[in-house]
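One chain, subunit A, appears in both complexes that follow, with subunit B as partner in the first and subunit C in the second.
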Partner chain A sequence: MTVLPFAWRSLVRQPARTSLGVLGVAAVGALLFDMLMLSDGLIVSMRDLLERTGFDIRVTASGDLRRAGDRMHDTSATLDAIRRLPQVSTALAIRFVEAEADVHASTNPVPEGATGTIALTLEGVQGDTRPWTVVTGRDPVGNQEVVVSQALADTAHVGLGADLVVRARCAARDQVLPPARLQVVGIAEFPFELVGDPTAGGPMNVLDDACAGPTDEADVILASARDDVDATAAAVRDAHPQLNVATNEQVLGRLQRNGFTYFRQISAVLTVVTLAFALLLITVLLTVSVNQRLGEIAALRALGFSRGRVVADVLCESVLIVGLGGLISLPLGAALARGLDSILKTMPGIPGQMYFFVLEPATLGQHGALLTVTAVVAALYPMQIVARLPIAATLRDEVLS
Partner chain B sequence: MTTDGAIISACRVRRVFSMPAGPVTAVSEVSLTIAAGEHIAVRGPSGCGKSTLLHMLGCVDTPTGGTLLFEGRDVATLSDRERSLLRLRSIGFVFQRFFLLPMLSAAENVELPMSEAGVAAAERRQRTRELLDYVGLSARADHRPSQLSGGEMQRVAIARALANRPRLLLADEPTGELDQATGEHVAALLDRVNADGTAMVIVTHDHALAGRARRILTMRDGRVESETAAR
Partner chain C sequence: MRAIVALLWLLFPASLVAQAADPPAVLVSRQAAETLHLSVGSVVQVGPPDGSGARDFRVAGIYEPTPDPSRLGNAIYAVRLHLPDLLAMTSPPDAPKGAESVDAINVRLVPGSDPLAFSRDVNARLPGLAARPATDAGAAAGPFRVLERFHLAIAIVTIIASTVFLVALTVMLVDERRETVGVLRLIGLPTSRVLVQVLLEGILVAGVGSVFGLALSLVSEGLINRFFQWRYDTALLFVQVTPSVALTCVLIAVPLGVSATVLASWLLLRRNALRLARR
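Our next item is the complex of A and B:
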């Protein structure tokens, strides 16, 4: 009987103990899996989100990534200048304003008891392309046409062709502006739509109308490069030194240094803690198991089993427990990650299409490697017991006991 | 002392254990030659060094003095790996407490040393069938140790000890856990094993079992007090 089947038979002779060990490793492994997904999840998700928008460069007034940062002025001129740069393929300016939709003011049938007002973000876009993707309907072209996110369509009960009455807060919070009646011409996906903050978007003049006049301001200019992104960013930076120009990679780097560091640190600490738990669990389990079988092991050694063979048996038992627990931990960890993700996404300012826990092929590799190392390290002490077992003394003690 | 043809030649073998209260001499100045096919019983009071001597003869313990040659090779110069191989191929052990692996069937227990020795699967199975037949347990091949009686377990243990056709079988109180009738059956089986050519050293308190051997060594305080020919 080779080492692996022998180790398996040794484990199943104590089914309750083995099951507890496997379940313990599964629980710890699930946490480990989640921590590994969390450590890079936000960055991976953010990179994916940035790349999906199709723009390589972000130009802002202050470098603040939040929508509430300083605004750029003379946007039209700046946007034209950027678009004229030979390295730039396309560019557009976006302005975000907070707004409220008056659900009952629209001409659409609204269910009884529906919420009266809904807070939303209104995006005004200036340029050739659009930052959103139209799912149904068409892109807005007229002065009062907008696309809305599915979340807004659902909460405000508006579909294609429906009215959407909004009151924008363009400057001061207490500024009261007349309501603007907009027409929904499409349902769109807004990559940076925040959870619980539905979005509507249209040409910049829609926003100008809602804000009672043009301001020629923008929160961000997005540009895509014809060729080398860094060179294009440098060209934009040279042309507009007063503005903050960042490539997607630079944005990610800034997030990694600042906002997302916490998650990385938390995940690193919890990874170490979970691995320590796994280590202790398996070590205790195997040590107890080995101590109960010292007589048998000594007898096997007396029968001619080599030291390496009995040590390998213990190692294989550890690998089997961790392997089985590790396999169970994957679906368990995935389910746990989904639950935790939905909880964490209730934090303010998180785009709906961002995820805290992201599975990458490397994560599976890291999970497997860490558990393998755990299995080996956890087996070291019981392996040492077996390796140093004095055969004659153990056989004598077994008879005396 | 000549070693020609001997399986074991022990010359003034000693075993001293270091204890907190001071060194304890378990075996002192024992010289012994075991030739092929011999049947030796070692008896004496508890603590006289019988089992320690057996362990040294079986290469699971190393003398702290004297010389022990196994088939002409000085056991003290062998590595742990070499001693394991020696035990696997040339020595069979039968223990008082059987030490069968409870998760394996009788056949699997018998097969285990052959598997470790690298014997091919078909040959292992054939040899296992022969051995279980030899000890009268063919019908119990698939039974776990927990489903066997004490005598049956010891017969399986004897079959396991014979698996790799050892030249020497060492048995430490092989009937110690058995009632008299069952012990008699096991003793008869051991006689048959010896008659079929395997040299045997049995450590026992049982006078009847010792009486079946051709040589009886009586130990006291770590020394061989007397040696008699029993039959």
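Our next item is the complex of A and C:
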């Protein structure tokens, strides 16, 4: 009989112990799997979101993320100048304002009891393309037309053709302007829509009307490069040295250094803790198991099993426990990640389409490699016990006991 | 009254500015002082980002900014100066008297006053102002409440894994003593008597384990805080083993350990005494 089936039989002989060992590794492995997904999850997710928008460069007044920093002025002139750069393919300016809508103020049929005020973000766009993807309906073109996110459509009970009455806060948070009646012409996907902050978007003049006049301001200008992104960013920077110009990679780098570093740190700490825990668990399980079978192992040696063979048997037991636990940990970890993600998604300022736990092929490889190392290291001490086992003395002690 | 000026304001160290006759005093944040090599007595120029209206100030002290979780990872470059000095720099020269504005006014009530009632009163008497108790102004704590729930979820998973580990360990340890237990049964000790012994052993082991765990957490508390305070250049406390946390840990760990021991022993004691003694 080869080593692996033999090790399997040794484990099956003690089903309770083996099951508990496998379950323990599965629980610890699930946590490890989640921590590996968490370590780069936000960055991977953010990169995906940035790439999905189709823009390579972000131009802002202060370099802050949206709504946190100052607004750019003379947006039309700046946007035109950027679009005229030969390296730039497309560009658009976006301005965000906070607004509120009274569900019952709408003319739409509203389910009974579904009344009240909802907070939303009104997004005005000026430029070649749109930062959203229309799912149903069409892009807004008229003065009063907007597209809304599915979240806003659900919350405000508005569909295609319905009216949305909003009151914008354009200059200050406590400013409330007269209501503006907008018409919903489409449901769109807004990649950076925040959880709990539904969005409506339209041409900049819609926003200007809601704000009771044009301001020619923007929070961000997005641009896509014809060719080399860094060279294009440098050209924009040279043309507008007073503005902050960042490529997607630079935005990600900044987030990696500041915004998301906490999750990398906690992921690293918990990865170490879970691995140490798994190591301890397997080592104790195997050591106690081996100590209880010393007589049996000595008998096998006396029957002709080589030292290497019995050592390999212990190693295989470790590999089997960790392997089985590791396999179970994958679906367990995925389910746990979904739960943890839903907890973290309640954090303010997180886009709804961003995920804290992202599975990449490399994560599976890392998980497997770490568990393999754990299995081998955990087996070292019991392997040493088996390798140094004095056959005759052990058999004599066994007979006497 | 002092005002906090954000890091957007320009700070020039003493060597760059001419010495004023008797410049007014400012406090400089530790991070700004370290970066600009300032010390008490240095003269700095403070002004808006465009440099207009910048004035000389003498550094009267260096302060540690109040730890702010929402600004984690960002060094706090700030100066604190008297509000009249700030208004003198920011107000247009032709601004009428009384047109100055401030972002917020902090009010300390006399002991025993009801902050909620006071804020309601202010809101009613002064339309256009929004007053609220300081305890309600913690919107920035939102992310940390979420992190608290996240950590709780992680802790629950860890407790589940620990429980499995503990049960596996106790099953093996109890199994190692099956012959001893079998002999005890054969000499007449009832199952309940053996279980009481196991229970007492379990309490002792779990108690010692909990104390060891608490000692370990106290040591790691200092290490983790020092590491993250260094990493983020902040005075925030990241880990704090409070008496209630310690008590919660003990209240979870000891019953868990005792239950695992008793459960494993009970599973063993159900067997026939002769089988236990391998006779």
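The working rule: the second predicted complex is superposed on the first by the 400 of 401 C-alpha atoms of A that agree within 3 Å, B and C clash if a C-alpha of one lies under 4 Å from a C-alpha of the other, contacts with A are read in each partner's own complex, and residues count from 1 in each chain.
The rule is short, and it goes like this: contacts are C-beta pairs under 8 Å (C-beta built on N, C-alpha and C of every residue); 3 or more make two chains touch, one makes a residue touch a chain.
Small disclaimer: the values here were computed from a predicted structure and weren't measured.
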Contacts of A:277 with subunit B and subunit C, given as first, second, both or neither: second
Touching partner for A:399 - first (subunit B), second (subunit C), both, neither: first
Partner chain(s) touched by A:30 [first = subunit B, second = subunit C, both, neither]: second
Touching partner for A:237 - first (subunit B), second (subunit C), both, neither: neither
First, second, both or neither for A:264, with subunit B first and subunit C second: neither
Partner with the higher number of touched subunit A residues, subunit C or subunit B: C
First, second, both or neither for A:306, with subunit B first and subunit C second: first
Partner chain(s) touched by A:292 [first = subunit B, second = subunit C, both, neither]: second
Contacts of A:10 with subunit B and subunit C, given as first, second, both or neither: first
Residues of subunit A defined as touching subunit B within the complex: 1-2, 9-10, 12-13, 295-296, 298-309, 391-392, 395-396, 398-399
Residues on subunit C engaged by subunit A in the complex (per definition of touch): 72-74, 128, 130, 142-143, 146-147, 149-150, 153-154, 157-158, 160-162, 164-165, 167-169, 171-173, 175-176, 224, 228, 231
Residue numbers on subunit B that touch subunit A, as the complex places them: 51-52, 55, 58, 60-61, 80-81, 84-89, 91-93, 95-97, 99, 101-104, 108, 111-113, 115-117, 160-161, 164, 172-173
Complex contact set, residues of subunit A against subunit C: 16-17, 20-21, 23-24, 27-28, 30-31, 174, 257-259, 261-262, 265, 269-270, 277, 280-281, 284-285, 288-289, 291-292, 336, 339-340, 343-344, 346-349
